[in-house]
């Protein structure tokens, strides 16, 4: 398959050579990852007592990170699926990134579950003694289904690019990479028949991905929603989590767009128009997210159910700043930045995205932990770490390790495949020329 | 009433029980044979004898046919534990009028199951529903609900409800995901966050009915002393309570006892207007409470003479 | 000087006394508590039971493996037999049916039990005096009201002496203990009756075991009559809940169906996508062969 040489050169900056900057960044994050591993070894050795989790707050940072990363994953799937289906023109530079977010987060998310499990040596029991009445079993099935589906979907979108790279004579890469492209491209040559088969498969998979992403993340929400705990036993949790996930994923997408644009000098391909469009998407979803959050808390606050009132009191006293940040600032600020043309600059939009992303993590935190701190029977204990949850350095370091793995995997992918889909850009180029 | 001899007799009756099920000859440990008589069985003996060392240091000769590997015994115990006692439905009634935080129930439970000091399978709360309502001491064992949320959410079936109503935990199946702990609305479960460092008596095989020893990374909770029930003995907290607060019995027999007093369950529920904690949650607990009316002593007497580490718990006790 | 010496002597001797007192306390014998009970069972077997315990830190602990002797005259002359206490400190001795024991004027038998003592435990003995009593229990249902009628008397010098004014307790054995149904105080004729409640749960057919007892009676000891009757309500032991629920081993049917449908649908589409990939590969291979052939 042929493509414009300039296109290839621009979109694959790290495939041929690895810059010094790449090595520095990669090894810095590898260092953080190593710190996380050290923490994990401490945890396996001394038991979970080294974390901040105790008998009431049995789920802490790990579950929050799990939900957060799974949320990023499903939102990536949703965005790329929706954009693909609706053939939106401006999607091309960003759709590959969205797909990569999906896969990489999906790989990282389950590891946080593993950190939370008390007996890792018995993990395989989930497969030999499953109980399908349990929401965790639903989640295991769902994540596996999603993993396979996302891989297939991603691979389908990569085939054309692998074919282009295989055929590009000027590519100075080691022979193993050339062989890799040859094998992975399946001998694709871009004939009409092949293109048709591919397009068909991609359409079907994008529909599947959207459906799966929604179902799978709802299943995750129901792990909380079906319990009786005050704050969790809410009917809105399914749709609420899905919207919140898309919100965080969109924010991450903007951040990645900014990073890659800056680092790989892709100003030509990722323009302000893209930022504005994804930014508008962020605003719309922020509005939905705000609506769901408000709806949930309004009904809890207005009704006089004692356990709900106790929870709301706790949120507005102990967790006041976190609550305001997640559910007020996190929604209003991005909306203002993007709604007013005066503020709509690329750096501003990226800042809005960063706020949105962090706000979503905090939102997960204040969904999980305050409920566990206000059980039906009051916590009557003298030890402060059994009354309130305070995460330890191990939990912080493993969170950082998760983020590091995310960055590192993205960097590794950039060494093998283009971050922006060459084939799609080429198509767009052609269309532009024709116009 | 703590009687060290009772523990010993428990152990010898456990040995007797083991005799009925089988002797364990594990790869790592050699389980003991108490005395020289060995399990019966319809099997004809091969006549081949094997020398074994019993826990008290005596050498005994045992017929080879009567030896079963420890793993098999544990599997048998586990499957019996899943079935439960036939034709029974166990209930507990706790008389809040008599409880004064003596904590003998907690002590007996911890002793009987070799629990570390910070694991309280039966826990005492000081509750006050509203500023105008009475304070009362609230012993809370596991409620062994008829619609147990904890069982519903367990992904591997480590916790289960059996035919006699008791909900048990198989510590060899539990993966420690703690979903059951978030599922239980009554905070009845505890987690082994680190190695509980339990000294297990020699020859003891794992049995979900007593959950000895506690396993790191798994969940524990009140078991209604299922191991005692198999021998028609009351749970440890019932006999330990000096005030006779906890009554236990079989709902199908309509009789409960606190080891000194035996009453008809339907009668005491009618006379004393018994109820279940948070009935509206719909989990259908097997533990009923009798309201704290006509106290013979003030609630505060439960705080006198307690250790500071216990008293400090109830500093903020009051309406929420 | 003299004062100092005498004071020192006084001090040393008092210390010695205290020390010897402590020392002798170490060697003090355990003072046991011995209890003798008389039982007459439902089939008229008579049993003597001795319990040997001692007190330590306000707890009563059993003394096991001790030899106890039973006598029937209060003088330790007429030995009935011996036994060894079990791990609960109790030992039973069954009296023969044709036992000829002298009775006192008012028809009382005297039994005593002796523990000889050993190096560490003091000797102990106790005695009881019981009158042999006949307990007749009849179970009738006049007007469909279940009634227990009790008649009790002792044979003294061939004459029937009613057990007037004595309390008789009716029990029902349950899993852990005995449930008291009621108490009858016998009238001057040694008779009494009790209305038996009709709503007690029995076994599957409604059988219950009714126990009528003199319990720790000062004159009669423990006398009991048991009978298995169909006076209880039949209990339905069938399990109320279905075997398909959220908390059972098997899941509700709708869950299984929904899961199967969803999974088949999704993985079916995956299969389609993989087949597409395979088709692309086959296509490309064929084209390659064509090209090569063409060359």
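By written order: A, B and C. Residues from 1 in each chain.
By our rule, a residue touches a chain if its C-beta (ideal position, glycine included) is under 8 Å from a C-beta of that chain, and two chains touch if they have at least 3 such contacts.
Values in this document were obtained by computation on a predicted structure and should not be read as measured data.
**Q** Just by CA atoms, which chain is the most central one?
**A** So the chain nearest the centre of the shown protein is B.
**Q** So which chain is the furthest away from chain A, centre to centre on CA atoms?
**A** C
**Q** What pair of chains is linked by the largest number of C-beta pairs in contact?
**A** If you count contacting C-beta pairs, the leading pair is A-B.
**Q** What is the distance in Å between the mean C-alpha positions of chain B and chain C?
**A** About 19 Å separates the centre of chain B from that of chain C.
**Q** With chain centres defined as C-alpha means, what is the inter-centre distance between chain A and chain C in Å?
**A** The answer is 63 Å.
**Q** Round to the nearest whole Å and give the separation of the Cα centres of chain A and chain B.
**A** Distance between chain centres, rounded to whole Å: 44 Å.
**Q** List, in ascending order, every residue of chain C touching at least 2 other chains.
**A** Residue numbers touching two or more other chains: 246-247, 249.
**Q** Can you pull out the residues of chain A that are in contact with at least two other chains?
**A** 131, 133
**Q** At which residue positions does chain B touch at least two other chains?
**A** Each of 152, 157 in chain B touches at least two other chains.
**Q** Quick one: in the complex, what on chain A touches chain B?
**A** Of all residues in chain A, those touching chain B are 46-49, 53-56, 58-59, 116-119, 122-123, 125-126, 129-131, 133-137, 140, 223, 226-229, 232, 306, 310, 372, 375-382.
**Q** Note which residues of chain C are touching chain B in the complex, please.
**A** Against chain B, chain C makes touches at 59, 61-62, 87-88, 172, 174-180, 200-201, 204, 235, 237, 239, 241, 245-249.
**Q** Where on chain B is chain C touching in the complex?
**A** On the chain B side, the touching residues are 1-3, 5, 8-9, 12, 86-88, 146-148, 151-152, 157, 160-161, 163, 232-234, 248-250, 252-255, 257, 259, 262-264.
**Q** In their complex, what parts of chain C are in touch with chain A?
**A** Result: residues 246-247, 249, 251-252, 255-256, 259, 262-263, 266-267, 269-270, 272-274, 276-277, 279-281, 283-285, 287-288 of chain C touch chain A.
**Q** Quick check on the complex: what are the chain B residues that touch chain A?
**A** Answer in residue numbers: 125-127, 138, 140, 149, 152-157, 173-179, 181-183, 185-187, 189-195, 215-219, 278, 281, 283, 309-310, 312-314, 317, 320.
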